[in-house]
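Here chain A shows up in two complexes: once beside chain B, once beside chain C.
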Partner chain A sequence: MSGILIGQSAVNVLLLTGVLTIAALGFSIVWGVMNIINLVHGATIMLGAYVTYIAFAFAGIDPFLTIPLSMALMFGLGYLIQRGVINYVMRAPMLTTFLLTFGLEIVIINLAQFFFKSDLRAITTGYSGASLTLFGDATQNVSVEVPYIKLGALIIALFLTALTHLLMNNTRLGRAIRATGMDKDAAQLTGAKIGTVYAITFALSAALAGAAGSLIAMTQSFQPGFGGTYTLYAFVIVVLGGLGSVPAVAIGAFVFSLITVLTGLWQPGLTQAAAFLLLVVVLVVKPSGIAGKAFYQ
Partner chain B sequence: MRDVLRNNRTSILIGAVGLAALLLLPLTTPSGFVYRTLTSMFLLIVTAQGWNLIGGYTGYAAFGNVAFFGLGAYATGILMYRHEWQFLPTVVVGGLIAAGYAVIIGLPVLRLRGHYFAIATLGVAEATREIVAWWTPVTEGAAGISLPFLKPISAAQNFFYYLTLGMVVFGAALTWFVIRRKLGYSWVAIRADEDAARMLGINTTASKVTAFALTAFLVGIAGSVYAYYNSFIAPEEVFKIDRTLQAILAVVLGGAGTIAGPIAGGMIFQLVSTFLIFSKPFGIDLGQFHVTIMGIFIVLVVEMAQITPPVGFNLFVLQGMTGRQITWIARQSAPFFVLMVVMVGLLVAFPGLATWLPAQMRGAG
Partner chain C sequence: MSRLALRIVSIAAIFSLLLVACQPAAAPSGGGQAAPSGDQTAEACTITFGAAVSLTGKTAKEGGYIKDGYELYKDEINKAGGFKVGDKMCQIEIKYYDDASDPDTSAQLTEKLVTEDKVDLLLGPYGTNPTFSASAIAEKYEIPMIEGGGAGLKIFDRGYKYIFGTLPAAPNYLRSVIDAVKAKDPSVKTVAILVENDGFSQEVATGAEAYAKEQGLEVVYKEQYPSNTQDVSSLITAVKAKNPDMILGAGHAADAILIMKGLKDQKVNAKAYAFSVGPTSPDFRKTLEKDADFVLGIGPWTEAMKFQGSDIFGTPKKFADMMRAKYGEENYKTVPYQAASAAAALLAYQKAIEAAGSTDPKAVRDELAKLDLQSFYGTIKFTPEGIIVKPMGVVQLNPDGKVYTVYPADAANGEFLYPAKPWDQR
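Let's turn to the complex of A and B:
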């Protein structure tokens, strides 16, 4: 492997890690705090992507500027879903919430197909093809390329991850969320309205998914069904990193990206299989994940 | 054990009459549509019966059963397409390959519980699909495999109808046979409390792996038959996660951990689903909304199950909060239950209700 290839792969791993961290972060928080495997997550990412697409295609807004909009809209949607549907089955067995969120995912994806059609969409801006060139080797005409869009996505992902970390650890709301996750009855006794806390937690998770959707929309073409794959990625990432903290998600996303990029160099058709194989191995050997703790602490 | 067929003459009678009616049905020369609907329904029931063993009786929520379906389908596909085998032996081989795969997968994965088991099985199914799609020299990859047709059509219709019906009977008989043996009791013990079961001297690993292998066998033969019945298989199609979920929903609808559950649930699921696709109430074509309405249907039924005695979870929550008898709670919540049944009934009778609002929005915009 040449130096350039190694450099490009390292850059790709870093860029992928950023987006995947954001895509998995909300999933991890909902799982950790509410003990719910949220299968709607991918559908929320998909809606975030369409918010960006519509704002860009019909109002000409720069895709990066649409991120707050898609986060706000998904926050509202997430709040409604938790308040109106999932709060009613919070104490039910795992299979119930699994099936329930699956049903909601089907509804959202098919309504999206109805409104947006199944056509592949892509967002092409003036700076879409441009990239930053590092370590160019003019003699062989090869270089390490960093596309501006992916660089921007990485920066935004880092910013949002740091913000979430601060929110969870240093604010009153974050403390309420963590307390509810540790012991919902005790939290209720100390004055947390757990119904509201759950709704806000789910809404935050959805907002992060919306941001992930906006970022993904700029880097790949998509149709209403694309989110399901990201739900599965989020699973793998959360298990790899372990439940329990924001940095654990970033570690999981990094390992996942590494595996994906390396497998992609060798056999592009087997990237998912490799990731899932690793998932099963990690689950069996160390179910708490690489950096996992018992809980969000 | 909530075993409906046990000590229950009425249920056995209903089953026998139903079976006799289904056996005689082809004499009335039904349309191809009826044949297709019923054959699909029987296949769904067999996959549901399979899931019922691991998910219903043993209490392990497996979410990757479609891997067994796909392996069964590909066993038949490859053996018939490449090696020109007769059909029926490939079904047995398909079931056995799926069962062997379940043993290999089950030994590590069945050590996990709850969410982790669900996800690990889901991951295995996805990985299996990708490997099958990638291994082109053997599986023809994403292009898929075309199998020979069974001719003439009328003979094929009857053949698949009776074959799948026979599989349903086999699945029920297998369940009935196993759950009254030591093995079946060990499953129920594991579902109730796995650690206690181990304390009592049950080899829980062996029990769970056997349950998983039997599950895989049933799902695998369903996949095998599907391959020949559909005469075309491709990775995206036979490994679609919807198949796993439909089977789980059928079991949950009908009653997990019972013999009649998967049969009743599979019938309800297939009939509602078919009805939604082909009925056109008020001249509205609901085909495009079929999956949306199914999704809303799932959400309603799951919420309804929460207040259904004797296992509805919210009843116990209420009991804990009020300190009243569970029977009193069940009586008091009955009106709400009836309301939800009415809602489901309305949704089945007028599926247009579910999509009225989005239709208005699109009409305006």
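Let's turn to the complex of A and C:
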């Protein structure tokens, strides 16, 4: 019996880690490179969810196939937001960008509320909720189950995370992004167009948020205000894992998921309290995070 | 700089004091007291109600139902001539603010409605916490508030005189579900309760737990989860390990959907699933589609109930049809009870104002306390604390796509399908 419990919990942790990694990755990159706590992040996730919803509900496109669309649209939106708004305050103190993104988030959420209403939406496909019985007997309520949609979401999240890691480390663009994050003046001297680098960084982050939104849309119900919780999760995950690299985000997401699932088993009312307690402990003991470094590398 | 600010603040303070001081004198003039008039034909007058309702935020959906219920009643009664106040017929108006599902905002806006907008009477917000704080403002200014969106006992146990609620008290919410299942299957033994950690849901869960024990059931699981939770997989894992006969949820619509998805993900089979809030909202079926089959919900009111009254709606069915006519068939396939409880609040006001012959807050309050009315919403009668005296009905989402009332037997219009089909046989 307890073997089942442990097995299912391990599955829960892994599935949650995948989605949360992708949900926090963009947040981490913008914070690390541009020194912005991007509060629009949750709203971008929300928009990604609606892209998938609309494509599914009105055009009948399979939700997994909508992910590239959602990423492309959010990439464009992110680019515009950085070029059109945030770029003007890039050299302002952190509080300014903090407030700016806070305001932008409210604008986006209220616009979404206007167009989509506050109806709860969900994407229910033919295979929603179908699951693979790893072992045990499902008819007796004794089994370890892996829901296919969440498994698919995990695989896509891992794929995108690996892709981002490669992009950041093995391409000219990635090197330019990291160089700008380390020292923007020096990067500029060596030929990086930092305006463009910032815009692409922000757009990349938004695209990842869009993908996260598409994945989340398949597993829960949502309405325009739901993204805020994910901004909060992303913040905790990034602080836990530490700034500075893609794997650090995955580590943060794993620790966060582990705490959430374990607390959820015994005292679910305290899951968020436990996560934030851990945040406080990490900040006191190792302020750079579990795997954090000074810059992206 | 700071001296200037101080001056502005003190001037503002003086102004607000003046406003408050003027309040009692100003109120009756807006209310259209039954002033003796030589003219026998109905004089034009307006009664203004104020409501801070959640139109955005977590409970935007439910707040919308409340507003739609208020609006339908307003439009219909105005078409029929309005409220009879003394020998005048008064049209009614409702001033709304969006409290964004936040209790503090709700209280501030309610105060604004009273002091700035000078509304005659108050209608309630949605949700126990906003109602809890908004009703304190109503009490402070001694203006009645009838609400159809807050059921937590804590709203009513403060000895307030000006708050009235048209929803049954939270601890009674899930009782009828337990009764319904026990009536169908006396051998049912174990129950698991998943609770959102807000005040209202906790009262629902505590009431359900106590009643389940009283009925000889064993509560094998009862845990809270945080509001705004996005993942309940570990609660589901823990519930599954307890293998309960019945799974009860005390939370809000988004949580109920998340829990049902989680139960299917992990193939947790129970004989009955029930939620305090959720199944009766149209979104539940729309989002879960076939996975909503067999789920039980509750309501102080469903359109299948056989109430009869002399109000503008007359019967639950008529109210539901008018909701659909006004807001569209697709939006109100099933009419949620919140819309009816909101309309019932205005109906209670109508009868109390007619009995009082004025909109004087104290006179209206006294008539409300005496009210005993048969209506499309059933009997409207309040306890001394201000809560409506009313049993809950149980509804079930049938695989044919419709919602049937299945309990109590005399209101049932469909068969109670029990036990729920296991996930892999659906």
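Going forward, the second predicted complex is superposed on the first by the 291 of 297 C-alpha atoms of A that agree within 3 Å, B and C clash if a C-alpha of one lies under 4 Å from a C-alpha of the other, contacts with A are read in each partner's own complex, and residues count from 1 in each chain.
Following the convention adopted for this analysis, a contact is a pair of C-beta atoms (placed from the backbone, for glycine too) under 8 Å apart; a residue touches a chain by one contact, two chains touch by 3 or more.
Just so you know, these numbers come straight off a predicted model, no measurement behind them.
Asks: Given the alignment on chain A, is it a clash or a fit between chain B and chain C?
Replies: clash
Asks: A:85 in the overlay: touching chain B, chain C, both, or neither? Say first, second, both or neither.
Replies: Touch partner of A:85: chain B, not chain C.
Asks: For chain A, which side has the bigger count of touched residues, chain B or chain C?
Replies: C
Asks: Applying the touch criterion given at the start, work out whether A:272 contacts chain B, chain C, both or neither, answering first, second, both or neither.
Replies: In the superposition, A:272 contacts both chain B and chain C.
Asks: Report for A:284: first if it touches chain B alone, second if chain C alone, otherwise both or neither.
Replies: A:284 sits against chain B, while chain C stays out of touch.
Asks: Identify the partner contact of A:110: answer first if only chain B is touched, second if only chain C is, both if each is, neither if none is.
Replies: both
Asks: Look at A:99 in the shared chain and tell me whether it touches chain B only, chain C only, both, or neither; answer first, second, both or neither.
Replies: Touch partner of A:99: chain B, not chain C.
Asks: Look at A:9 in the shared chain and tell me whether it touches chain B only, chain C only, both, or neither; answer first, second, both or neither.
Replies: second
Asks: Mind working out whether A:127 is in touch with chain B, chain C, both or neither, as first, second, both or neither?
Replies: neither
Asks: Of the two partner chains, chain B (first) and chain C (second), which one does A:159 touch, if any: first, second, both, or neither?
Replies: Neither: A:159 stays clear of chain B and chain C.
Asks: Report, in rising order, the residues of chain A that make contact with chain B in one complex and with chain C in the other.
Replies: Common to the two interfaces on chain A: residues 110, 267, 269, 272.
Asks: Spell out the part of chain B that touches chain A in their complex, as residue ranges.
Replies: 55, 61, 63, 108-109, 111-112, 114-116, 118-120, 122-124, 126-127, 130-131, 133-134, 245, 248-249, 252, 288-289, 291-292, 294-299, 302-303, 305-306, 313-314, 317, 358, 362
Asks: Quick check on the complex: what are the chain C residues that touch chain A?
Replies: Residues 55-58, 60-61, 64, 197, 223-226, 228-235, 237-238, 240-241, 243, 253-254, 257-258, 261, 264-269, 281, 283, 286-291, 422-424.
Asks: Of all residues in chain A, which touch chain B in the complex?
Replies: 31, 35, 37, 85, 88-89, 91-96, 98-100, 102-107, 110-111, 114-115, 232, 235-236, 239, 267, 269-270, 272-273, 276-277, 279-280, 283-284, 287
Asks: Spell out the residues on chain A that touch chain C in their complex, using ranges where they run on.
Replies: That would be residues 1, 4-5, 8-9, 12, 15-16, 109-110, 113, 117-122, 124, 128-129, 131, 133, 138-143, 145, 147, 150, 216, 219-221, 223, 225-226, 229-230, 233, 260-269, 271-272 of chain A.
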